[in-house]
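My structure is below; once you've seen it, I'll send some questions.
Every chain is named by a letter (A, B and C) in the order it is written, and numbering of its residues begins at 1.
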């Protein structure tokens, strides 16, 4: 209490602010949000922990459900992987937005003098990092458990592109779902039918790389993925304002 | 500093604010009192650029809302019911995060100064999750004054605080007000409002039903006035 | 009770009459298809229902966009009404397709791109309705509805494209030669007339239903307002 009594006025009243409207301020805001999400997660490890355990459980269930012997394994691996990522991803998306909602932090972000799309990109980038971390752990485990080599540059590129598209839509929709009464069940219902055009080419392209298809065949899938990523990011960028502002 | 004319806010079919008029001079400390559901929070959220007016003109620091929201936001500090802090970050980290969002130059110095001011220097490395309600509220005020805003909006800042924490908060509020800042605070506690503010506005049924300067009214008459305008 | 507007009354009659004519055309005027027989007659209303579904969702996306730009509630009401109609007609489209497929493809269902896309589209708009149900605040409900209506509408053709390309790359899958639509049999002029007349009629059905739905909404809101007034007195 005495601390407050003695410091009546701040020693330095001069608080200087940078312009937050330019590109520098925009990128700084994105960086601040990503840093904040990572710092919080590094401490609690709630989100990554849950995503990882869940992902491994899904892989395990598939093992029994599909009898993953060598022959079937080759053809279903890409499907199993993407279903795993998609399911684990919803956990991460939900949690990451719930953090913003719980102590009213979303209002705190909205009060900051930065463009709303910076909030979107900040959250999306953070979500992407979490998703990639989970994938980086699931892939080697899957490789060891099922004795398949998943570390092909092509496959990794597909996983990156697919995750970008998934997170682009997912971040937008999770920021809506989290504001609904039924928020825990709503996200997968909203997300899965809409994100299908990302998942289909992602599964197909992954499959192409795993089965050693011709590059010419795989390219059409990669092109589709890139187009969808761009389309979804652009749309989310345009409508995000309406999702967070009243 | 704040200029509101004919403000109407409707939610679906329900109108919460009905042609509200409100003016605050630079450096004034205004308390907004009124019964629950009178629209205090809604009004404050509109001033804070968090909610759009349905119709009417809202000017804060000379800028129109919602069109020039960005210019308003940088001059505005807000303390709401909720602390707007991240539980998994320390006190210090929360302030550093917000100083980046506001584009503060030299945040280290400012963060230290603010932590001193709200008396949390010793707890700066502790997670906000472990803070008591009172400490969270103090840090929330620290967050709001971080960028040294000209205007401060407080929405029921005393909610959930024990006596000691509330007294601490009063000291802080007086501190802020003494530094020539414009303050608007909502409260449901008449005594507290009369104690802190220079002017008391009573919000009832979506309009300012009465507005009195503290110097012009005997604090004992305030409850009577309040009852007469809220129970029509 | 406010009286029904004259134009709407007229529209009721016109739509009813059109529907009777369309039924006649589909059942009697159009000739019996040589290979498939009478079951081919499902095709006319099947495609027309699909058309109304797509049209309805397009209207939702457009009015959603207008709502976001202008913030006027009536656009959101149109968007919602349109989704409700679209969901019903898409359902009719899927079911009638199934009825047709049973004798023709010898199965109720195949994973043909069109079937999958129609189903995904139905799921998107069921999700739309669930989203709205989960939100109390009317403004927010309208905004989220508009956003999801736009995102959903963009994603549906992309889904179709994905699955379509998937089938052309792997021609092993049945149904790649599009037996559902125009390509599978040659429409003779009389069939074509019946076909376009069905589309025309269903468009009228859509407009009429939409109008009624909006009127119903307005009336129920009026009742709500009256209730509030009475309770507050």
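Assume a contact is a pair of C-beta atoms (placed from the backbone, for glycine too) under 8 Å apart; a residue touches a chain by one contact, two chains touch by 3 or more.
Here the structure is a predicted model, which is why all the values come from computation and not from measurement.
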item	value
Pairwise touch network: line, ring, star, complete, or other	complete
Innermost chain, taking as reference the mean of every protein Cα atom displayed	A
B-C compared against A-B, more contacting pairs	A-B
Mean-CA-position distance for subunit C and subunit A (Å)	33
Inter-centroid spacing, subunit C versus subunit B (mean Cα positions, whole Å)	49
Distance between the centres, which are taken as Cα means, of subunit B and subunit A, whole angstrom	35
Two or more partner chains touched - positions in subunit C	139
Multi-partner residues of subunit B (at least 2 other chains)	52
In subunit A, residues with contacts to at least two other chains	246
For the subunit C and subunit A complex, residues of the former touching the latter	68, 120, 123-124, 127, 130-131, 133-136, 139-140, 143-144, 146-148, 150-152, 154-155, 158-159, 161-163, 165-166, 169
Interfacial residue positions of subunit A with respect to subunit B in the complex	1, 3-5, 7-13, 15-21, 25, 28-29, 31-32, 35-36, 39-41, 43-44, 99, 102-105, 107-115, 245-246
Subunit A-touching residues of subunit B, taken from the complex the two chains share	45, 48-52, 70-71, 73-74, 76, 78, 80-89, 93, 97-98, 100-106, 109-110, 113-114, 116-119, 121, 127, 143, 146-148, 164, 168, 171-172, 175, 178-179
Subunit C-touching residues of subunit B, taken from the complex the two chains share	11-13, 52
Subunit C - residues contacting subunit B, complex	71, 73, 137-139, 221, 224-225, 228
